[in-house]
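Letters A, B, C, D, E and F name the chains as they come in the text, with residue numbers starting at 1 for each one.
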Amino acid sequence: MTQRPSGRLPDEMRNVSIVKDFTCHAEGSVLISVGNTKVICTASISEGVPHFLRGQGQGWITAEYGMLPRSTGSRMNREAARGKQTGRTVEIQRLIGRSLRAGVDMKALGENTITIDCDVIQADGGTRTASITGGCVALNIALEAWVAKGKLKSNPLVRWITAISAGVYQGTPVLDLDYPEDSEADTDMNVIMTDEGGFIEIQGTAEGKPFTGEHLNSLLALAQKGCEELLAIQKA
Amino acid sequence: MTQRPSGRLPDEMRNVSIVKDFTCHAEGSVLISVGNTKVICTASISEGVPHFLRGQGQGWITAEYGMLPRSTGSRMNREAARGKQTGRTVEIQRLIGRSLRAGVDMKALGENTITIDCDVIQADGGTRTASITGGCVALNIALEAWVAKGKLKSNPLVRWITAISAGVYQGTPVLDLDYPEDSEADTDMNVIMTDEGGFIEIQGTAEGKPFTGEHLNSLLALAQKGCEELLAIQKA
Amino acid sequence: MTQRPSGRLPDEMRNVSIVKDFTCHAEGSVLISVGNTKVICTASISEGVPHFLRGQGQGWITAEYGMLPRSTGSRMNREAARGKQTGRTVEIQRLIGRSLRAGVDMKALGENTITIDCDVIQADGGTRTASITGGCVALNIALEAWVAKGKLKSNPLVRWITAISAGVYQGTPVLDLDYPEDSEADTDMNVIMTDEGGFIEIQGTAEGKPFTGEHLNSLLALAQKGCEELLAIQKA
Amino acid sequence: MTQRPSGRLPDEMRNVSIVKDFTCHAEGSVLISVGNTKVICTASISEGVPHFLRGQGQGWITAEYGMLPRSTGSRMNREAARGKQTGRTVEIQRLIGRSLRAGVDMKALGENTITIDCDVIQADGGTRTASITGGCVALNIALEAWVAKGKLKSNPLVRWITAISAGVYQGTPVLDLDYPEDSEADTDMNVIMTDEGGFIEIQGTAEGKPFTGEHLNSLLALAQKGCEELLAIQKA
Amino acid sequence: MTQRPSGRLPDEMRNVSIVKDFTCHAEGSVLISVGNTKVICTASISEGVPHFLRGQGQGWITAEYGMLPRSTGSRMNREAARGKQTGRTVEIQRLIGRSLRAGVDMKALGENTITIDCDVIQADGGTRTASITGGCVALNIALEAWVAKGKLKSNPLVRWITAISAGVYQGTPVLDLDYPEDSEADTDMNVIMTDEGGFIEIQGTAEGKPFTGEHLNSLLALAQKGCEELLAIQKA
Amino acid sequence: MTQRPSGRLPDEMRNVSIVKDFTCHAEGSVLISVGNTKVICTASISEGVPHFLRGQGQGWITAEYGMLPRSTGSRMNREAARGKQTGRTVEIQRLIGRSLRAGVDMKALGENTITIDCDVIQADGGTRTASITGGCVALNIALEAWVAKGKLKSNPLVRWITAISAGVYQGTPVLDLDYPEDSEADTDMNVIMTDEGGFIEIQGTAEGKPFTGEHLNSLLALAQKGCEELLAIQKA
C-alpha cells in the first residue's frame, strides 16, 4: 500500500482545531488549523446590500481570500503591492462566497451584507477547504451576535457547510491532501457538503492522466467521511 | 415531465457545428456554434516557453477567454476598457487552459507555447464548454499545421477533449443547458472528458438547494452521452 | 505604373460586403468585410446619458474598438489581460465616436446613449474606416428598431457617414490601402465623409517624407470616389 | 465680418515667444508661449533604443504630454493620481512623437533615444501645436549639445517642424484658435509642416456640421502662413 | 570647518523668491524658487467637501505633488504614464496636505475644498519644504480672492506655515540642503513651523549612522532661524 | 492629572510580548503583541539584489506592510482587491524599511535581499512602531539562521532597532498611545532608536495645534524610556 508522506492512513484527516474569537474586532472570528494549514476567518456584517440587490428584501454574503506573502515555502509577491489578485485567488474567493451563500436564508438575513475574510497565515495544502469550514463557523458566530443584539430575529443559517479535499496519490485515493501530496497527486477533488449530507459543490481535476468513475466514487466516499468529522468539530 | 424552454428532450443537445479556418491568420481557427452560442477559437503557436519552464524540454498551453460586450442580452462593460478581467473570466480561462493541457504530450510539443483564444461573439449558455470543445479542434489544426511545416515530428495531441454541461432544471436532469435553463437551474455541472471516456474535470455547483449523489450520477450519465456526440462532430 | 500587391487599379476599392443582423442580441449588428478585413459592429441603445449631459435633453453616442488577439499575422497581447488599452486603440475609438456623433441629431435622440462596439475579427488594413462605415449601418438599424418600438418618434440619423483610406504607395496615390500597402506607404490618409459630400474628418500623415498639396488633392479625390461607392453599399 | 474674441484679424497669430534653456537639467529645454498658452518642452537624450529597434543602427524619438492640473479654468484630475492618462493625452503625445520623428534622420541619430516632454503650465487653446513647435526647438538644442560633446558627428535634424491650428469660427476661417474660439468653432484643423513647405500631418475635424473642400483650402492657406511665421521665430 | 559645495555658511539659506500669480487660472498661484529648486504651487477652491466630511460644516485641504520628468539630472519616468505615483510622491503629498491643514480654521472655511498642487519644474533638493512654503502663499492668495468675491466672510488662515530642511553634512549641522549635500548627508531633517514659532511637523532621518540629541537640537535651531527668514519673504 | 483611557500612568507602556517562530516557513518569524495590537513579522532572505544595486557587493533590506481587512473596528477595503495600496500603507512600509536598513551592515550582508513583511492581524494603535520592533527580531532570527547554514560568515546586524510612539493627550505627554488616545491626541510622535541610544528617525506631527520645544523634549524622554524597555524584551 502507498505510504503517505505524513504516515497517515488513506482515510485519515489531519488534526483540526478551531479557535473562536481569535481577533477582537470582527462580529465573528476564528483561527482554523488543519495540520500546518492555518487560516484566520472573520465575518463582518454591515447594513445594506450591493446595488444589484437593493430593495429586494434579501441579504448578501461575499468572501475575500488572501495569503500572507510568507505563508508559503518561498515568498510570494504581495497582491496589494503588485496591484492585482492572481487568478487562483479570484477563483478561490468566488468558491468560498458561493459555498457559504448556500448555507444561509437570504430573505431571513434581510438587507444586510456579510463579508467573510479568509487570510492564510501558514499554508500546507487545503487552504480553500479550510477557509470554507472555518468561514462557516465565523459566519455563525457573527449571526448569533446580531441575534443577541436584536438586529436579527433568529439565526438565518439554515445548514452548516463543510469542505474537504481528497485525491488520488500514487494510485491510492486518500483524504485531506497536504502540500507534499497535493503537488504530486494525479487527481485532486474539493468537496463541499451540508450537514444533511447534500452536495454544494464538487470540483475534481485530473492533474495528469484522466480519472475514472470508480476513482470519483472512492473520492466522494472519503470526502463524505471527512465532512462528517469536520461537522462535529464545527459544532463543538 | 418538465417541458424545456427550447422543447428539447432531457438528453438532447443543441445543434452543434464547427466551421474550420474561420479566420485566416492563426495556425488553427474555428467557429463553434452550440445552438445560439457562438465562439471563435484560435490556436497560436510560438517558439519558446514561459520563464518557469525554460530548459526543461517541454511545451506549454495557455488559454484566454473574452466575451464581446454585446454578445449578451444587455451590454457588458468591455474588460479592456475597465482595465481588469472579471473573476468569472479568469476562472473560465484557467479551466480552458487546464483542460486542454491534459490532451497534449508536453514533452512531444517541445519548447513551444500554444495560446488558445476563445472569444464569444454570441452567448446563450455553455460558453465555457463550447470554448473547450472548439478550442481542442483549433489546437489540433494548429498542431497538424506545424507537423506539415516540419516543425514537429508528429502531432503531440494524445487525446481529444470535449466538454458539455448538464443540470437539474425544475427537478429533471437535462443535458446542455441554454441560458434560460441555466439561469433557473438548481444544479449546474460542467464535465470535461477524453475520447477514451476518462474525466478531466468535473465541476458541479448547487445554485439553490444541495444536490444528491443520485442527481450527480444522472448528470454524469447525460454528460457522457453528450461528450460522445461532440467527439463525433470534432473528428468529422 | 506602380503595381499594387493585390493587382487592383489605383482607384479600385476592395470588395465590400455588409451582413446585417450578424449577432442576435444588439439593437443593431453587422459584419462588415472590406477585402480580408472583417469587423463586427454592434449598436447598443440604453436609456440615460453620462453624468456631464444629464438634464440637457440630448443624447450621446460613444464607441469602443478592439481587435481579437489573433486577428493579425502575429498574436497581439489581449488588452483585457494586460489591463490597458493601447494608445492606438484609444485614438481609434475616439475617432469612431466623434465621426458617428456627427451623423445624428442629439436633441432628437433624447436622453439616450448609444454605444458602438467595433471588434475586429480579422485585420488586413483599414480597420478604423471599416469600423466607421459598418458602425453607421449598425447605428441606423438600432435607431430604426427604437422607432419601431415607439421609443423614438423618428429616426434621428441626419446624415450617413462613410470612411475610407487613401495613400501614396510607391509614388502613386491609391485608394483603400490593404496591410501590405499600408505598412510601406509614404503617406496615409483617412477621410470621413457625409452622404452629401461634406467632410467630417481628414487625417493625413506622412510616414516617411512630407507630402505636397498636390498629393493631398489626389488623395481627397480618390477618397471621395470611394465614399460614394461605400454609400451605395450602406444604403442597399 | 466676424469679430474674434481677442480682436485679432482672421489671419493673425497670437504673440509667440520661445525662451531657451528654461530649465537647467535637460539636454534641451524651452518655454514656448503662444498667447496665454505656455508649455515647457524638454528633450532628453539617452543611449540605447527600445527593444523593437535594437541592433538596427537607428535611433528613436518619443514624446510625452501632460497638463498641470490647474493649467485650465477649472481644475482637472491629476493623471498620475487617477492612474491613467486620458484618451486625449494619449492621442496628443502620439501626434507629437510622430511629427518630430519626421524631422530627424534616424540612421544619423544612431542607437540613441530622445524623449520630448511637453508639460502645459497654462492652457488657452493650441497646446498640442505649441508642443510640437516648441518641442522641435528643444530637440534641436539637445542635438546640438550632443554634437558639441562629440557624441554625434553632425546634427541629424533634417528639417524643422512647425505646427499651428486654424478653424472656422462663426463662418470665417481664422488662424491660431484660442480657447474661446476653439470651444465654439465649427471646424478645427491642426497642420504640421516642414521648413520646406511640405505637410507632415493634417487633422481636420468637423465639430458640428461638415466642412467643404473650400473651407479646407482656406484653412490650409492660413496654416501655411502661420507655419512660416513660426519658422522664423524657431530659427531666431 | 566643512566647506559646503555651494560655498554657503552653515546657517545660510539659498536665495528664495516667490513670484505671485505665476499662472492665470488658479485662485492662487505662485512660483517659488529656493536656489535652483523651482516649484509651481497653485491653490484651487471648489465648493463641497469629500464624502467623509459632508454635513459637518467644515472644509478640507488636500495636496498633490509631482515632478516634471526632466526636473532632475536624469529623466524620471512620468508617473501618469506608468499609472502609479511612487511611494516618495505619496509620502510628500500627504505631508504637504497635513501641514497646510494645520494653518486653517476648517469651520471658518465652511464646506469648501482647497487643493494645493505643487509641481516641481526644476529640482535641486528641498522640493517638499519649498512646496509647503510656496503652497501656503498660494493658499493665502486663494483665500483672499474668495473673501474679495464675498464667498468667505473673512480669511480663515489662522497661522502661516513655513518649512525648511537642515542636516548634518560631513559632521557639521547646516541649513537648507541642496542636492549635492542631501545625497551625502548623514542626517536629514525637515521642519515645519508656524509664524508663532510652534512646530507642525518634525521629520528627522539618519541616512547612515544614528544621530544624537545634540545634533537634533542644533538642527532645530538652524531650522527655526530659516523659518523666520522664510516667513518674512512669504509675508512680503 | 489626565486619566488615560486604559488607566495607565503617563510613562507606562502596554504589555509587550514577542512570540518567536510564529509561522514555520520564513527564515525569521515573530508575533509581536503590544497590548491589543498584534503584528506578524516575517523576514525572508533571498540571494541577489535589486537591479540598482547589482555588482556593488552589498545587500538590501525592504519592507512591506499590510492590515487584514478586519484588523480594525470597522472593515477596511482589502488593498489587493482595490488594486492599490493606500498612501498610509506606502508611507509606513517605507519607514519600516528605512529604519531596519539602519541596523545592518550592508557590505557584510553581501548580495542578498531581505524582505520584512509586517501584517497586522489586530490593530489598537502603534502598528508601525510594533512592526519595526518586531521586524528587527525577525530580521535577527533570519540572519542567525543564515549564519548557522554557513551562508553568512557572521551576523551583519550591527545594532538593534526599537520604535515606540509618544504623544500629547489632553495636555499631558504620554508614552505608547493606544487607538483611543491616538485618535484624540494633539501631537503624535514616533521615535526609532538604536540600542546605543542614537536616533534613527523622529516623526512628530501636530494633529491640531502646534507643539512646543518643551513638549518635544518631554516626548523624546518618554520615548527613550520606552525604547530601553523594548530593547530588553527584544533581546530576551
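FYI, a contact is a pair of C-beta atoms (placed from the backbone, for glycine too) under 8 Å apart; a residue touches a chain by one contact, two chains touch by 3 or more.
Note that this is a predicted model, so its numbers are computed, not measured.
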Contacting chain B as well as chain D are chains C
Taking all residue numbers at the chain D/chain E interface, are over half used by both copies (same) or under half (different)? same
How many angstrom lie between the centres of chain A and chain D, each centre taken as the mean Cα position? 58
Distance from chain F to chain D - Cα centre to Cα centre, in angstrom: 50
Of all residues in chain D, the ones touching two or more other chains: 83-84
Ring walk start=chain D dir=chain E returns D, E, F, A, B, C
Listed in rising order, chain F residues that touch chain A in their complex are 23-26, 29, 36, 38, 40, 42, 44, 46, 64, 66, 68-73, 75, 78-81, 83-85, 89, 115, 117, 119, 121-123
Contacts from chain B onto chain A in the complex sit at residues 84, 87-88, 90-91, 93-94, 98, 102, 159, 193-194, 196, 198-206, 208-213, 216, 220
